[in-house]
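Heads up, there are several structures right after this.
Same chain, two partners: chain A is paired with chain B first, then with chain C.
On to the complex of A and B.
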């Protein structure tokens, strides 16, 4: 098979082989359904998403700009709050956000970085424009899938990668490791802290630990004494100082003494070590206030406010029922819009107005009237479908792209990304927690 | 200005030895313009690390750990404070934080309907304080430390923490920044909880459990958005054990 300017026939012919290898490597993610944990394979589709060099240069500039502004916003929110004082964002969006953590007030994360790893979800519209759908600044997952997919496809079909000039993506572990070393600043060892094997992204935690050479730490392996974090070792008989924790445990469970006290997967008093500057947390704490669906609306304003630049990347056209003028519009056009609950993530709480019966629409309307702050509304973007293999042929399905932006002393964009697609021809929701598969993302080197 | 001698003691006994014990205490009196700390001391049973600091709300904290096996844990905080009796404290600079509801203080539909006569923040808050005092009846052991306003409203009963939460919920509904206060008072053998409201310039203490201003006799330990920001003692440890906790609190005017 030949596509535009790439040759992928050998690769698509061998898709089953690729998936077999993935299965052997345990490329899975876990899902909780009805309280039961189930691990499932994350199906790989071998037709890559192809991004031209020009498109990539544009995305790269836009992503760096966006993530820089988001990091500046987080610093501002937990320090002087100028963006509120200057009336750019109403304080209500900050203080009533679930992601805002007063415990982070006046805490200075090393180097001023909060979002070390940002996963920015984009779609390409039929109008050829890219739109940002969501910023993920807490613990975005997914980078391991294209990493391992590339390493397997290179083995299964080496000729594909000699015939096509594709940017190598095997440097993600280096990007991560360099950033962790910068944040560690020589204080101790670097660890990846996982909640354990029943976490949906456990494959990723262990894979990234292996690839970066960081120690994979489980709950109970780390403890705080004298204001420092130590790794107790497999037999709890070692005591190694920890300088950087790439933690895959969410904020509220990270420290049972500072936050959710029922947490059994946290590190007691780690907040104290963090405040004292004795350990770097990757990602920083309190980032949820910046990737809240309600705050998303304000990101282009942040770019203008902090960087005094025009935003390079577009947001999807978004309305906030909180504002009077948007409120009227949203209520009048509910049947055409996508409604999202501000506090939900992972494709949950996403409602397409056009799919609702008149009664359900009325119910939704009442919910918005009751608490307008809890909702955002977006125009449905007609995004480009990507080809996937189904049976013996190709069909087109909705797909998005999660780009990974790594910020240490500098902000860098990984030349790849996770392309997720929905199997269901009628679904616009591509989150892996809602079913669906993934593709490799190729950035072409030639202009 | 009046002076008070206070003592706060906790003694925990474990039935089996515990290890890897990490704790965080918030049991020392707050220093403010209405509460001068003349003298204070804190003792903590055997520990391998102890460090003083402040939390997000400016409360005094002590964090620490004891990793070796032990069968008990105890601490005592005592001292002398002078109270001005004027129920005030200046703006904390981040008063907006106390305008928005939290999980424990989310208002019910019924509370949204409560009519509060027009007036200054202070007048409205005093009205609400009185209202809550009459709305709920005081009863121990029907609620616990994580009981929400919703549950209190259906029970119509509770302890000082519940009175304070309902009052905070109503104040915030009416646009008045309100914060939860944990402290001690004369004649009460345990911690007490009350509310501070912001009148635009000062924070004013009101006690909905007793329907009075929280002036003389009220020794403040900490404040926060709700009770979960003010726990006096939090700890985690490893071990298969039961625990028996004794707390004793006293405040005397001197």
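On to the complex of A and C.
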């Protein structure tokens, strides 16, 4: 098979072998259904998403710009709040955001970085334009899947990679390690802090720990003493100072003494160590205020405000019912728009107006009228379908791209990404928790 | 990146039990094969003793039920499938220590035994793959675990399980003595952290006693030495 000047026939012919290796390495993700945890293999499709070198250079510039602006926004919000004072973003969008954490006011994260790992979700429209759908700045997951998929597909079909010039994506662990070393700054060891095996992304936590050489720490392994974080050994006197925590636990559960006091998966007093600058948290605390779906609307404005540049990447055309003119438009065009609850993630709370009955549309309308701040509305982007293997043939399905941007002293974009696709022919929802699969993302090296 | 060379108490516990369960799979398969061979054409007197030690509660009356139960019964904590799952439950939490390659031998064994179960495979010879993968697992651990302390803890688990089953199934004392010597080769620093010194002394006395009595052959070892062995490790 030949696609866009690449040859992938040998790879797609050996899909069974790829899947055997996926099973061998336990490439899984977990889901809770009806309160029961279930782990399943993450369906992989060996037809890669292919991004030309020119497209990539454009995306890379746009992603760096966007993440820089988001990091500057976070610093500003927790310090001087100039963007509010200058009337660029209404303050109620900040203070009513679930992700805003007053505890982070005037806290200086090490190096001034909040979003060390940003997962930016994009789609490529049929008009050949890329659109950002969502910024994920808290604990974005997914990089490990294309990473391991590449190491497997290279084993199974070396010919494919000698025939095509593709950027190697197995360096993600190096990007992470370098960034964690910078944040650690020689203070101690670096750990990846996982809530445990029953987290949906546990595979990723353990795989990234293995590949970066960081210690995988579980609840109970870390403790705070005199404002410093330590990893405890078998002997009571044995401990190692921790300088950097790549935490995969949500903000609200990270410190039971500072936030949710019922949390059993946190590190008591870690907030104190963070405030004192004795430990770097990757990602920083309070980032949720910047990846709130309501704030998304303002990201192009942030780019202009902080960087004095025109945004390189487009947002999907978005309306905020909070604004009077958008409110009228949204209510009048509900059947043509996609509505998203700002507090939801993982593909939940996404409603396509066209799929609703008149009664359901009316219910939705009432919900928006009652709380306009809780919703954003977007035009449905007719994004490009990608081929996937189904049975003995190929079919087309909707797919997005999560690009990963790593920020330490520098901001770097990983030359790959997680391409997720819907397995349902009529669906635009690609999330793994909603039954979607994943693909490798190839960045072509040749111009 | 600075490597962390200390082992947390929970990690030590997982390493120890991973070592025990992997060895349990390997040894139980070995003993089951011996029993299965005798059941092919032997009289009950040829295999009853082995069968009753493998299934002390006499859950399975027929020999066919016994073989299938010892392989695939997830309600039986001593079955091969249960031991593999317990091994996996520990291994999955230790990927970055034992490496994905070592873990993959347990992943493959679980996938394989599930397939054998669904195909109702009774001929135990078909499960030779699992024996081979358990041996590969040990080789992979020796080759790839870079923290000497972690490797030692997992090997302590392996030795204790091997010694436990060898005592229960009346292996010759020379075999048990050899395992004990390996167990004793643990670093002094780690020994202090892992072993209960009082139990260690009692176990050592028991071994000396059997060494004098057994002439290297199998004898009735009794329950006391098993208790000492299973109380030796503190984690």
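Methods note: the second predicted complex is superposed on the first by the 442 of 447 C-alpha atoms of A that agree within 3 Å, B and C clash if a C-alpha of one lies under 4 Å from a C-alpha of the other, contacts with A are read in each partner's own complex, and residues count from 1 in each chain.
Definition applied: a residue touches a chain if its C-beta (ideal position, glycine included) is under 8 Å from a C-beta of that chain, and two chains touch if they have at least 3 such contacts.
Just so it is clear, the structure is predicted and the values come from calculations on it, not from any experiment.
Peer 1: Chain B versus chain C on the shared chain A, clash or fit?
Peer 2: By the criteria stated at the top, chain C and chain B fit after superposition, with no clash.
Peer 1: Quick check for you: in the superposed arrangement, does A:225 touch first (chain B), second (chain C), both or neither?
Peer 2: Touch partner of A:225: chain B, not chain C.
Peer 1: Taking the superposition on A as described, I'd like to know which of chain B and chain C A:24 touches: first, second, both or neither.
Peer 2: second
Peer 1: Regarding the shared-chain residue A:189, is it in contact with chain B (first), chain C (second), both, or neither?
Peer 2: A:189: touches chain C, not chain B.
Peer 1: Would you check which partner chain A:396 touches, where first means chain B only, second means chain C only, and both and neither mean what they say?
Peer 2: In the superposition, A:396 touches no partner, neither chain B nor chain C.
Peer 1: Please state, to the nearest 10 degrees, the angle that the Cα centres of chain B and chain C subtend at the Cα centre of chain A after superposition.
Peer 2: That angle rounds to 90 degrees.
Peer 1: Considering only touches as defined above, state whether A:213 meets chain B (first), chain C (second), both or neither.
Peer 2: It touches chain C, and chain B stays clear.
Peer 1: Look at the residues of chain A and decide whether chain B or chain C touches more of them.
Peer 2: Partner touching more chain A residues in the overlay: C.
Peer 1: Between chain B and chain C, once the two complexes are placed on the common chain, what is the minimum CA to CA distance in Å?
Peer 2: 14
Peer 1: Considering only the defined contacts, which chain A positions touch chain B in the complex?
Peer 2: 91-92, 95-96, 101-105, 223-227, 256-258, 261, 268-269, 272, 275
Peer 1: Considering the complex alone, what residue numbers of chain B touch chain A?
Peer 2: These residues of chain B touch chain A: 20, 22-24, 48-49, 51, 53, 55-57, 63, 65, 67, 94, 96-97, 99-101, 225, 229, 231, 234-236.
Peer 1: Mind pulling up the chain C residues that touch chain A in the complex?
Peer 2: It is residues 1-4, 6-12, 92-93, 95-96, 99-100, 103-104, 107-108, 111, 193-194, 235 of chain C that touch chain A.
Peer 1: Touching chain C in the complex: which residues of chain A?
Peer 2: 23-26, 177, 180-181, 184, 188-191, 197, 202, 206-207, 209-210, 212-218, 220-221, 231-235, 238-240
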